[in-house]
Structures are given as C-alpha cells and as structure tokens.
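Presented sequentially are two complexes of chain A, the first with chain B as partner and the second with chain C.
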Partner chain A sequence: MPAERDGDEHAVTAELLSANHAAATAAALAGRANRAGRGFGGGVYPITPQSECIELLCRQEIEKGRIVRVESEHSAMAVCMGFSLAGARAFTASSSNGLAYMAENVFAAAMYRLPIVMMAVNRTLGPPWNIWVDHGDTLMLRDSGWIQFYCEDNQEVLDTILLAYRLAEDARVLLPALVCQDAFVLSHTMAQTEVPDQAAVDRFLPPLDLPHRLRDRAVTVGGLDLPHETEVHRRQLEDALRRVPSVHAECQTAFEQVFGRRPADAVVPYRMEDARIAVVSMGTTAATVRRAVDEARAGGQPVGGLRVRMFRPFPELQLAHALAGIERIAVLDRDISLGHGGVLWSELRGAAPRGALVQNYVLGLGGGDIRPEHVSWVIDDLRARCAAGAPEMMEVA
Partner chain B sequence: MHEPLLAGFPTAGRRRTEPVLRPGNTNCGGCGMSIAFQMLDRALEDRAIQMVIPACCAIVTPGQYPRSAYGVPVVASTFASAAALATGLAQVAQVNGDPVRVLCWAGDGGTFDIGMATLSAAAERDEDILYVCYDNEIYGNTGGQRSSATPLGAVTTTTPRGKDVRKKDIVGILAAHRVPYAATVSLAHPEDALRKMRHALDAHGFRFLHVLSPCPTGWKSEPAEGIELVRLAVRSGLFPVYEVFEGTRTVINVEPELSAEALERYLGMQNRFRGDRLDLARVSESIRADWKRLRRLAKEVEA
Partner chain C sequence: MEIRLHGRGGQGGVTCAKILATTYARLGKHVQTFGDYAGERSGAPVRAYTRVEDRPITNRNKVYRPDHLIVLDQNLLGADTIEGLRTGGDLLLNTPRPMEELNGQFPAYRLAAVDATAIARRHGIGTRSVVIVNTTIAGAFARLREIPLPVLEAAYRALGLLSNFPAAREAYEAVQVRQATDACAAPAAGTAPAARPPVEPVEAHVESPPTGLRTGTWSSQRPRYVEHLAPCNAWCPAGNDVVGFVQAVAVRGEEAAAAVLAKSSPLPGTCGRVCPAPCMEGCNRAEYDGAVNIRGIERWISDHAPAPSRAAPAGLRPLSIAVVGGGPAGLAAAHSLALLGHRARVFEGERELGGILVTGIPAYRLPRDVVRREVARILDLGVEARCGEFLSAERLREIAREHDGLVLATGLQAPRPAGVRGDHLAGVEQGIAFLHRVNLGEGARLEGRVVVLGGGNTAMDCARSALRLGAARVTVAYRRTRQEMPAIREEIEEAEREGVEILLQRQPVGFRGNGRLQSVDLAEVDMGEPDASGRRRPVVTARVASLACDRALLALGQSADRGFLPPGWELRGQQVFEDGRPLPAFAAGDFATGDGTVAHAIGSGRRAATLLLRALGRELELFERPERSLAVPATDIRFDHFERRAAAPDRHVGESVHAGSFGEVALGLPDGLESHRCFSCGHCTHCDTCLVYCPEGVVRRAGPDYDLDYAYCKGCGICVHECPRSGMEMSTP
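Let's look at the complex of A and B:
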C-alpha cells in the first residue's frame, strides 16, 4: 500500500517502483499535465528490458492521451514526431538495437526541433545477443542533437523525465531529451520512489506551446536545404544545445520550488574537495565508485568521485571546474568506441587540467558486474602509473 | 497551363485560393504527380488538409527552404515514416476536434518498398489517414532505379536488361488489411478519379489510392503523351481501374478492351520497354491472370 505523507505542501506518495515503472509514471503525469493543451501521445514498441515501461503506460488513464502500438522503433519515433508536430506532448521508450533501428528518426526529431522525451534503458548492442547493461546504445546517438541524461537511481529517473519535459519545451531550447537508466540494475529493481501528485506536475509543466506546430498555414516542415541553409540550421541546433546548461539551472530551481527537492547538477561530485585523484563514471557505476572512494579515503588516499549526469550537451566547463587541481583521473567507461576507446574518456580529456594523467578503463560491458574491488584496483593502478597508456580493457564478469 | 491535360475535368467545385501545388515547383514537364495534384486540388474544394510526404520527387518539387511551392501545410518525413508520422498528426487532430484531413502523399518506393511495414501497420490500426501513392514505377528522384512497383520487362538503371519479375499488387495488399477503402485512380478517367478522391477524403479510417503516374524522364516517353499512356494502360488491362470497400466488395470501374493493340502501343511508346528481356507473351499472360482473379472477386460480390 502506498503511504500518504501528510503535512507537505503537496501530497506525495511513496511507492515501491521499478525504474521502468517510475518512467511510465512520470510520462503519464507529464502527459496529463498537457490536457489543457493539445494532449499527449505515446508511440510504443516492446524491447527487453524496457517493455514494462510501455506496458504500464498502456494501462494509464490519460485525458486527451493516445498511445499508438506501432510496428517498430523507427515508427515509434515517427509517430512521436507526428504527435509533437501537432502540438501534443510525446513520449516513447526504447533500448539497445531498438535505438539503433530508430536512429534515423532520432536524428530527425532533433532536426525538426521537437521536445519529445524518450526513456532509454541502456542495454548492450547485439549480436551476439545480450540483454544486460552497457552505455554503447545511447552513446551511439550522442551526435543526434538530443539532450542526454544518465540516471543513478529510480527517483532520479522519475524526476529527470519531468525535468526533461520542462527543459526540452523551453522556447530557448526546443530539443528532444533522452533519459537513460541502466538495464536491470535500475529497470527491474524496485526502490521507494516519491511520486508527486498531478496538481504539482501541472504547476511544473504548463501546456506545451510549440511555436512551429502544424496549423493551417502553408509551410513545409523539413523541406530542402542548400549548403548555406544547412550551415545555419546546424548552428541553430548547436546554439540551442549550448543554451541548455543555463536553462537547466532554471529548471532545477523551478523543480525544487514545486517538488521540494533539487535534481542533481550536470556533474555530480563526491568527496572531491581536497582530492588529487578523481574517478569519473556515468549511471549506476557511480554508486560503486562512492564505496571505493570511501575505502580509499579510509586508507588516507586523496580520492574523489565524479558522476557525469548530463552527457549532452557535454558539461565541459563544469568538468573543468570540478577537475581543477586533480593530478590523476580514471575514466570508467561502460562502453567502447571500437578502434579508439571509451567515449566518456575521449570526450573528457579536453576538460582535464593540463598535465593531468588521464587513464581510461573500459569495464562492465554486456552487464559485467562492476564491484567496489574493481574500482579499488583501478585506483591502485592509476596511482602506480608514470604515464597514461592505451585504454585498459578490464574483464569483471 | 496544364488545363488541356485534364480532358474536361470539372473545375467548378474549386474554392481554394491557393492550389495544393503552386507554380514554381520543379516537376518535370508531363509529370503525372503534377496532374494528380491538380485533381486533388479540385476534389478538395474547401476541405483543410495536412500532408506528410516522405522522400520522393514530391518533396523535392516545392523547392528549397524557406520557400515552398505547396499551398497547404506539409511535413517532409523520413523515407519509411509517412504513415507513422501522419498517425500522430491525425490522432492529435481527432483528440482536439480539428476538422483537418491528414494525407500521406508518397511515391512507389516509399509505399511498395521502404515504407511497406509502416503502411501496413497504419492500415491494420485503421488510422484516420488518406494515403495516396503516386506510382511512377521507379525510384525517379534518385535517377530511375527499379522498385517493387517496376513492371515486368522495364529497363531501369539497376535492371539494364529489363526487370524479370512482376510488380506487387499493392491494392490487393491493402485490401487484405480490410481497410475501409482502397482504389486505383486513372488520370485518364477524371470523373472516376474525382469521385474516388472525394469519397476517400470524406471517408473515415484508413483509405488508400493508387495512382499510375507517368514519368517521361524515367519511362523515356513523350511528356505530352502521359494521359494517353495511362489510357492505354487501362485499355490494355495492365492497370485495372477498380475499388475495394472494407476489403471485401470489389467493384470494377472501367472495363478494359484487353486488346493486344493497346498493349503493344503502350509498350511501344516508352523506351523503357526496349530491353531484350521484354517477353510480350508473358506480359499478356500476366494481364489475363490478373483479370481472371479480379473478375472472380467482383463476381463474388454480385453473387
């Protein structure tokens, strides 16, 4: 039985939810909040380990809401583009090869400047087929123009979907947003999650007013560009993404005012105050890193952890600030850009202080269980190094 | 200036201030799609529409951003996505009580080939969409490659000796989805075309129109002879003019001559049928087989 918490400004229900169900709950709340506007639309297609999200969404009562059970992920995004171009709030969810199949329309959604929110359960790309977590699927979409968040727990998934709508729909942004969670570690793990009431969500998410929604005017959306127009359109997309950090900060404050808790920053530090060594990661790996940091600290080592929560736009300034004075940096990648190394590592190197030793560790691919002792080994290895080497491919499974 | 091509097509019902496809478009002379748009324009009268157009000549013809030769709102979708994107538009229109009709306007590549799964799914869901396929029987926009709508024997840039298999029966495929309405449209039979377009615009659920669309560039034919080619395609039986209601009631709208003379003239007027693989007997046999089946379907209704 969900417990009602009294005394708050808004009724908040604490429920035991998987992150898949937290995502569907958030999408339904956001969808209902647009009933005063043009309504809500979901394009849904199953894929393990995301299916529970869309199953719950299909059981929701959403006023002015429509769910379309499409025949592929490619069409799931296409139907969302139609919903959004007609002025409705749109949602879909996918994972792994589903995202790869959807990819063409993922890019199109950003280029149409549509504030669609998608939940992705991070799962290894196949073949061979593997349903467990790594981040290679969504990182493949890093150049698509979507805002990307990587969450660490179920509450963060729910909160980030609500936050993502506000951010994506801001007139200064108008870009789609991807909210990622680790397969099974979050998607199928129940945790106590605070579910806000509809009135609070209504206050946080005013009706969507898409300036370029299709009306009766004879415009052609997405026609032909010559090189100069493409240059301008790409710059507009890039400018919009560059505006995300400041709008995100406003959204965090607005979220806090309505719901009483502040969503995390783009970069989340842990015991970084006097650190000289930093371990950087994304997703649930960050919780494991905290354990290892605590152990290292207990042993007198000046180690801190950094979690990259927002991967696009890449929080270069926040990282540079957080890494100032750090001498050695371990970047943990649950992904690999084959032929190069970890994606996070390759991007983070530009934000590292001059002269810092930045070493890449690729681990936990295909859902390999990253345990605190693996991170402790990373810290020992990093401390023993004279210079950075090639990315270290670890086997933790 | 294309008025003579319309062969007395009625113009009285037209109330729109702007044509669907305005002057300044980049279509080739004699393009069947241009004529189909003129017919749609007349069928529309004052109905409001939104069109979804996937990759095809119809999304090149309006010209480049920020100008557009379309006189109605248009979304350019990705190649395989027209019916799915239109689903979103149509459902939101329905939820909000907008009187707008949502159309897909797609070529044969986007319909018979890459968009087939999306089309099939939207038909199965009976979405409130009118899907018009203007079929020029090739990938015209990319320079004339074969599609699964390319007819037996036709030379394309990827079938240099002529295509050795038949085209898909697209209306049969749609009828198998039991959609409310699926019909072929002959540009040489304007009264029939107008009636079908009006019916399809006013009906609800998924409606499908298949328009044989002459392409002088790809068919290697004379631009002025497009309507004559369609008439010959109908007379020879190569392009049956019929409609299917709810996937069950089949009505033949134009009786063909099924004459060898019409077929030979149809093939002879297009250089795409000069390949050494063209087997006239096989083409004739396929026409006979198609009509046998079509008459059986139409008779089942009468019985």
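Let's look at the complex of A and C:
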C-alpha cells in the first residue's frame, strides 16, 4: 500500500480508481491549475469505453472551467480548438470510431499548434462492432502531428496527462498530445492510484501563455497556404516534434522534483542489459511480456523486454540504442496496417541493428487476452527461426 | 489471491468485485478489480475479477486460476464455471437449496451456500422487476475470508452502498459452509481451454439474426402476462369490475360495458348518479392529472345501453328465497339469486320497490324513472315483487317457513332523536320522515326559515328539498368541521351553490317555542382529541346562541330497527340464529352493517346471497370484496406513457333553483370518451409496449394476445418495467 507522507510537501493519497477516472482526475487537476490563466475547457462526446472519464469530468467543479457536451467527436475537437485558441487549457477524450469521426479536426489541432491534451481509450475499429482493446484507432492518427503516449497502468495514465500538458505547452513544442490507454484492461480496471494535491499540480503546470492566442485584433485562423508556405509550415511542425525528446526529458525531471516519482522514458527496457533476444510491445502487453521474460530468464534464455511508451515522435535513437547488439527481435503489434503488417514493426525495422532478425507478431486484436503463455510461444518461435517471415497473425482469444 | 465472480448481467457482479477490492484495500492490500465488458446485457453470463496482493500488481490478464469463486446464479454452475479453481478454494454459491442437498457436490472445494436472492428481495434491493444480489453475497464472502464486519461496513460506506449493508450482514450470518472433503476430486489443473467456436466466413452468415445463440438459457427470471388488481376494483364496495366496464366502453362500446356491469350490479343508473365513488378515490390517475370520472362513465353506460340480455342459467333445482326489504341491498340480493337461476320474491312495505332510492333520495338527484327502469330490469329476470305490506314477526316466521331461505334487508328504520329539550315541539321533524313525505308526493309547501341538523347526505337532501319546497332560507348546522362532513363533497358544493347556508361546529342543545317551534339553541363546539374513529372529538361549549326558525329537520343518523324480528331470533354477523341454532337467513345492507351507501348495500346484498346459497348446500364462490392493499399502486404505473388530459366533469343545469322543481340537476357526461383516460391498471390492453421495447424481439402477436418466445428471452425484465399499466410480472420459471 503506498505510504501517505503526512506533512511532506509531496503529500499524495492513494485512491481506488479506474484509469478512466484517473484520467478525468488528472484533467481536472490540470484544468484548475490554469485558473490564474485563461481557465479550462473542452468539448466532450461519450463513447464506450471512454464514457466514464467524461462523465466524471462533467461532475467536477472547476474554477474558470467549462465542459461543453456536444453532438459529435468532430465538434468535441472543434470546441477544444476554440478554447485553446482563446488561451484556455483544453481537454477531451475519445475512442475508436469516435476518433475516426474526429480525425479532420485532430489534424487541424496540430496544424494550429494548439497544446490540447486528449485521452484516448484504445478500442478496435468497427464494423463489425467490437469495444475491446487494440491500437489501430490511435495509430490511424500517427501522421497528424500529435505527440502520442501509450500507458501501461492506471498511475501512468494520470501522470502522463499532467506531463503531457507541460510538454505540449512548452514554447519550443506547442503541439497537442494524445495519451492512450488500453480499453477495459486499464479504462475499467480499478487499482490504487496516487492522486497529487492541487498545490503540487499548480507548481508543475504554470498558467498557459499561448503566444498566438486570440486577442483584441481580428485574425484569420487557418486561411490559405500557398505551396511554399506549406513547405515552411510542415517543416516547422516537424522541427517542433523533433524537439520533443529533449523537452520531454526536462519535463520528466521537473515532474520528479514536484511529485517525487519519475515518469518513464520514451522507451522502457526490462532485463535488456545482456539480452540477445528482445520482445518489443506497447501498452499493457508490456507487463505480460515482463512475466514471460522472467520465465525465459529462469530457463537460461537471454531475453529482454522493450516497451515503446512514446510512439510520436518515434523514439528511433532510443530504440537503436536499446537494441544495439540484439540478434533477434519480436515485435508484438496489437494492430495491423492491412496489406502490410503491424505498425510498430513497420516503423521499428529502421531502428533495428543491421542483420538482426526482426519478426512481427500481430496478436490481441479485438481485445484477445494476451497471456504470458502466448509471449513464451513467440519467444520459442523466434528462437527457432532461420529468417524473418511475413507477419505472424496469432489467435489468442 | 485471485477471486472470480460468475453472474448474469444485471446481478451486479462487477460491483461485488469492487466491494471486495475496496474491502481489501482498507486492509492495506494492493488490489485490482475489473469485469468482462460488452457481454453484460441483462441476463447474459458475465464474469468479474478481483486480485489481492501484498506487492504492487503487474498482472493485467484475466483470472484463469482463481483461488476463490463466487457464483451469483446457481444455474451458471458448470464445468467451465469452476474451471481452474484452486483445490481447497472457496466456492460460494447463491442458492435457495440448503447445504444438505449440496453435500455430495464439489468435494475438492470448501463449499459455501447462501440464499442471497431471498435476502436481497426481503431488503428490497433491486428494481421493480429484478432483484440484485451483489451487495448481499459480498457479506457471505467476507465471512468466508474472515473479514471483520466493521471493515466491510466501511467499504460499503465508501462506495455509497451503506443502505445495502444490513442485507450483507444477514448473508454474513446466514452463509452455510462445508469443508473440502476430497482434494483429489478436482479437475486436473491446466486443462486445455474449451474448444472455441469457429469463426465463420462472411458469406456463411445468411441468417439474421443468428439463431444459434439461445439467450433463453440466460434467464433466471421470466416475464409473463398477469392480471393485477386495479385499485378501482379494490375500492368498489359493490364489487363491480370497474376497470372491466370502463375498458369495455372504451374499446367495445356501451352495450358490452353494460353486460360487464350487469354481472355485478342491478343499479348502474343509480350508482352512476348517487355513489360517492370510492373507485375514484382509489384511481391511480388521481396521482397524475385527476381521477377518471368513473361515476359519470357508469351513468353514461346505463343511460345509453339497451337492457343486457341474459341466458337463463341451467343447473340444479332452483331454490325459492324470500327477500325482505326492496331497497338496494334487497334488490342486489334478489338480482344475484336470479342470475344464479333461483326464484327470489321481494317483500316491500311501501307501494313500490326501491326503498331509500324512492323514499329517501330526492328526485332531483335520482329521477324516479331511472329507479323504475332498473327495478323493471330486475323483475325481468324473474324476480317477484310483493309490495305494500310491512311484516309482523308472525308474518316473517310464516314467510320463512314458505321459502328455502331468507334475506333480511330492511334498512335503517329508526331515526336518532335529538334528545334535547323541546324536540317534541311542532315544527321539529325527523329528516327521513320529511323526505319520505316529499318523495312520495305528500310534501307541503314550506315557508320561512328551515334549520337542518346534521352533516350527512340526508341533511343535504333535506336542505335542498326544503329550498325547492319554498323555504325562504335554509341553514345546515353540523357539529364538526367541513372536512368531517360525511356527505358527498359534490352534494355539499351543490347545496351551497343553490343557496344553503352551512354553520359548522354547532350542536343543538334545545328547541324553544310556544307549542310551535320558534328557535333552536345552537352551542358552539370546540374540536378536541381524535377519538377511536380518528375524527376529533367535538367538545360542546357553553357559548350558545339562539337561531330563529320555523322548521327544524333532524338528520342525525339512523339505526336499524330489529323490533320486527320474531322472539328468539338474533343476528350474529350476517347470519340469523334462532335460540342459538343457525337459520338459512342472512341480513344485508344497512340492516346488517350500517355502511350507508348504495354501493355498500349492493356488495352486502351480493354477499348475503352467496352466504345463503352456501348455507343451503350449494357450492359457489363466496362474494368477497378484494383486499385494497393488493391493488396496483400508482408507483407501478408508467405515467410517461400517457398524455396529460384533465378529467371530463359532469354537466349541470343552470344554477337557479325554481321552487317546486325536482328535475334532475346533474346531466352526466356528454359522451363515453372519458373512458379513454383509464390507465387500465393491472389489465393488459394490448398496447404493444412490451413488443416494442423487447430488445430480443421475443414478444409476438398471437391472435388478440401475445406469445413470449422463452427460447430467446433472457429475462432482462424490460417488458415488465416498461409496461405502462403493470400487466406483467417477472417470475421464477
């Protein structure tokens, strides 16, 4: 049980929260922290399995805060853009087909350089309808210019939303950030979660000062770009995303100073020190991978696990560093880019050491429960291969 | 420690798992809890999980090797339910079966049984249609794991479930436990998961919806169509099928409605005018936009339908019954007897049948031709009338000998005297004697000021009749307050509208005059403590004022005159005894009960008829008035299914009363449309709400009724919950 540090300036309380409620709690804390600035707001539209998050958020008392219940996800993001352009801290949450419907404005938010934070519960895209986890919905938005985080547990969801605001609002970045969590495995699972007090959050998140916010002069936002202007704007976006890793490191340190714990890196290694085989994954699958790695290590196999926590900007350097010397790499994708293979695998191949065997395993689509046995089978299969083959589509459900 | 729960959507398994997690968190453990989502439609088998560890939990998988198992519905218990359960682990079962019946089963586990459904139902946990057991069974589990009750209670408080804690405590006390008896009996650990259904190619799906999923196996409860007691039926003293005739006029017309009425009441035209209508007091629509004008509907039917035709019943030898008294109770008894094929002969002292309907109730309220029409229809059934003879004790004995049985319904013949100084003065008269004279055409003109003493319907009838006979001024003096006046509210309002003055909290303490009445002394009355009847006791004060008047009419109540009974006869309950031996003779109406309304008299007459026939050895159902508490309460009516519409009021003639005019004042309803406002409480109207709302599409039209396909009904209770009128219920199959 996490200790309560009475009298400590980092005082926290551990509450039994679902990750949906952890996200809403974090958003409310971040929102209140901007009360000395231009307040907080968001447009929200419910969708399973995100609804509990916005339901709790709508019940929060937030000084200078306003949650607008709209008729669609497309409008939800539009409302967030309005809040953000006016200088408020903005939040929304969605999932799956809701994100697909929102997509046009998701891109717009990044193009407008608005530091909106969105929580996404990863849910399989339909039809046929399926409400359980896979990562295809948010990976669909990988080219939108948003920063993307994939979380592993309830605490990380809460912490990452706070961290994402600081990162997104940094003047060197000014980009929206997406904080993803696995449907039900996190969103509806209750676990003890440390909730920081408002004073600590206030220290971590100073009032937002958006340099291009609307003021007393009328401007056109998002008018027309000619070819050369577009070339420049795209380069600016790309440069901003490239600056994220170093700013992220600063944010991690600042977070640790205020809250007493350090958020995880963009890439999280597990028993990789002397490994020759690596199993790479995202989200809660990584926790399952750790249990399989422990078992393989107990059997004398040099296996390590690698979790990709930040998917955009893609942590190519960190991955290349972590994978140096690895001979065989299993990439577990809870998604598929149809006609090609797993999205993580497709991107990671460029960061793998020359000559390494990189095999893709697509598993846990539509919410199939990925168990340690499945990962052990992957490790055995990987060890037995002479060469990589086509992505292996597994059935685990 | 890993706990797995098996339940059905709607039983609250996820909340139960949450309660356990919260409880262990309070004990300082790391916890994690989650459910299976999306399959949790009502009735579908669902699972929920709780993990409890001393260290932070990293496992994000479902629970495949539970240490303990909780099963919320015993019908879910099967090999795949207990799969993976640790040998020696707890298997907690919600079941009504006692432990002795379960003893040989599941020897590998510590078996625990509790009837959480019964406990939860007793504590009223759940919805109107479905009992919810989650918060109850968590108490039993706490007992198994030796969790202290105060810790459990704190968890309930934290989750806002404290109101459910008494049920949990009861389950904590009630759970029965049997130790594991045979560790080897457990299924081998690590058995392969059950074969998965094949994923069929898209082109294989040609049926819509797939018929393979027999969701009927999910149900622990089933809906069915069932008639519930409508409050109007429960409240009607005559025992009329009120909802039956109101619905009949709405759907099938006046003639059909008249046929429904004719089964129970010989006097619908009368009741449709003078009944105080307790049915309207009980009407659930009163809680919404005003009670249905049932009295007006009854009058509409009676005045607009032809005489109902009846087939003569065949059967046993008809009995010959003498009915003494031709008022409403006697007529109802004779009517009942005739409908059952017996010969009833009514003895009436007046010149015509009707009793109080012709001698007491003035014609402006109840026109004589209405009474004559109803009497004629009773006689058409074969009832014989003998009028014009008041019976002596000797004659009564003779009549009893000449018939198989006797019904005594002579009403209340003995008016209560004022019992104060001067009540013998000329000009002081009993109200019923006055009404009797007036109604039988012997009335004279009145002059000057008339004081009526009393607050019941007789007092109102006296006052309004007096006005019509030319009295210059009519004053009613009543000893209690207006709320306590026994007269029908509309009668009081009508009287005042016609110009009658009402003096409240006044009691006559003396009459003054020189041979002839000149004034009445009225003492003011204070209201004291409530008496046994719940009414406040009047306390007569010394504040007395004299009211000049020319005539005083006493309407202080009547009592039964039993003086005409032969010596040795006495009434015990409704039956007559002679020297301690029961006679085939029963009393009815005011003579037996003194309840005082036509509707009560009808109910009493019907009951006397059935009591008598049973005493004479005939097998038939005793007429009983239904228990009011069993009626559908307004809270079980879905008001939102009904459009708001005010009740149609009765029409009235103009306000002025012409001296000497005894023409009918109330004109009733202009049509039968008021019947469409009836909710039809507890009685299906085939409105299709169940059919429309059923998420499974298992409700189908079958002729005029519905068929429920239980093979696919998963027992969600939505049809029962949505039924606008409580015409369905959930029951255990």
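Please note the rule applied: the second predicted complex is superposed on the first by the 390 of 397 C-alpha atoms of A that agree within 3 Å, B and C clash if a C-alpha of one lies under 4 Å from a C-alpha of the other, contacts with A are read in each partner's own complex, and residues count from 1 in each chain.
The working rule: contacts are C-beta pairs under 8 Å (C-beta built on N, C-alpha and C of every residue); 3 or more make two chains touch, one makes a residue touch a chain.
Being a predicted model, the structure only gives us computed values, none of them experimental.
Following the overlay on chain A, a side-by-side fit with no clash is recorded for the pair chain B and chain C. In the superposition on chain A, A:L214 makes contact with chain B only, not with chain C.
By the touch criterion defined above, A:R371 lies against chain C but remains apart from chain B after alignment on the C-alpha atoms of chain A. Between chain B and chain C, it is B that contacts the larger number of residues in chain A. Contacts of A:W132 after superposition on the shared chain: chain C is touched, whereas chain B is not. Within the superposed three-chain model, A:C80 lies in touch with chain B and out of touch with chain C [touch as defined at top]. Once the two complexes are overlaid on the shared chain, A:R38 sits against chain B while remaining clear of chain C. Once the two complexes are laid over each other on the shared chain, residue contacts for A:A90 go to chain B alone; chain C is not touched.
Rounded in steps of 10, the angle chain B-chain A-chain C defined by Cα centres in the superposition reads 70°. Applying the stated contact rule after C-alpha superposition, one finds that A:T189 touches chain C and leaves chain B untouched.
With the two structures overlaid on their shared chain A, chain B and chain C come no closer than 22 Å at the level of C-alpha atoms.
By the touch rule above, chain A contacts chain B in their complex via residues 38-39, 41, 43, 64, 66, 68-72, 74-75, 78-88, 90, 104-105, 108, 214-226, 229.
Across the complex, chain A is touched by residues 18, 21-22, 25, 28-35, 37-38, 57-62, 64, 196 of chain C. On the side of chain A, the complex with chain C involves touching residues 1, 16, 48-49, 131-132, 153, 182, 184-185, 188-192, 284, 287-288, 290-291, 369-372, 397.
Of all residues in chain B, those touching chain A in their complex are 18, 48, 50, 52, 59-60, 62-66, 68, 70-78, 80-81, 84-93, 95-96, 100, 117-118, 120-121, 125.
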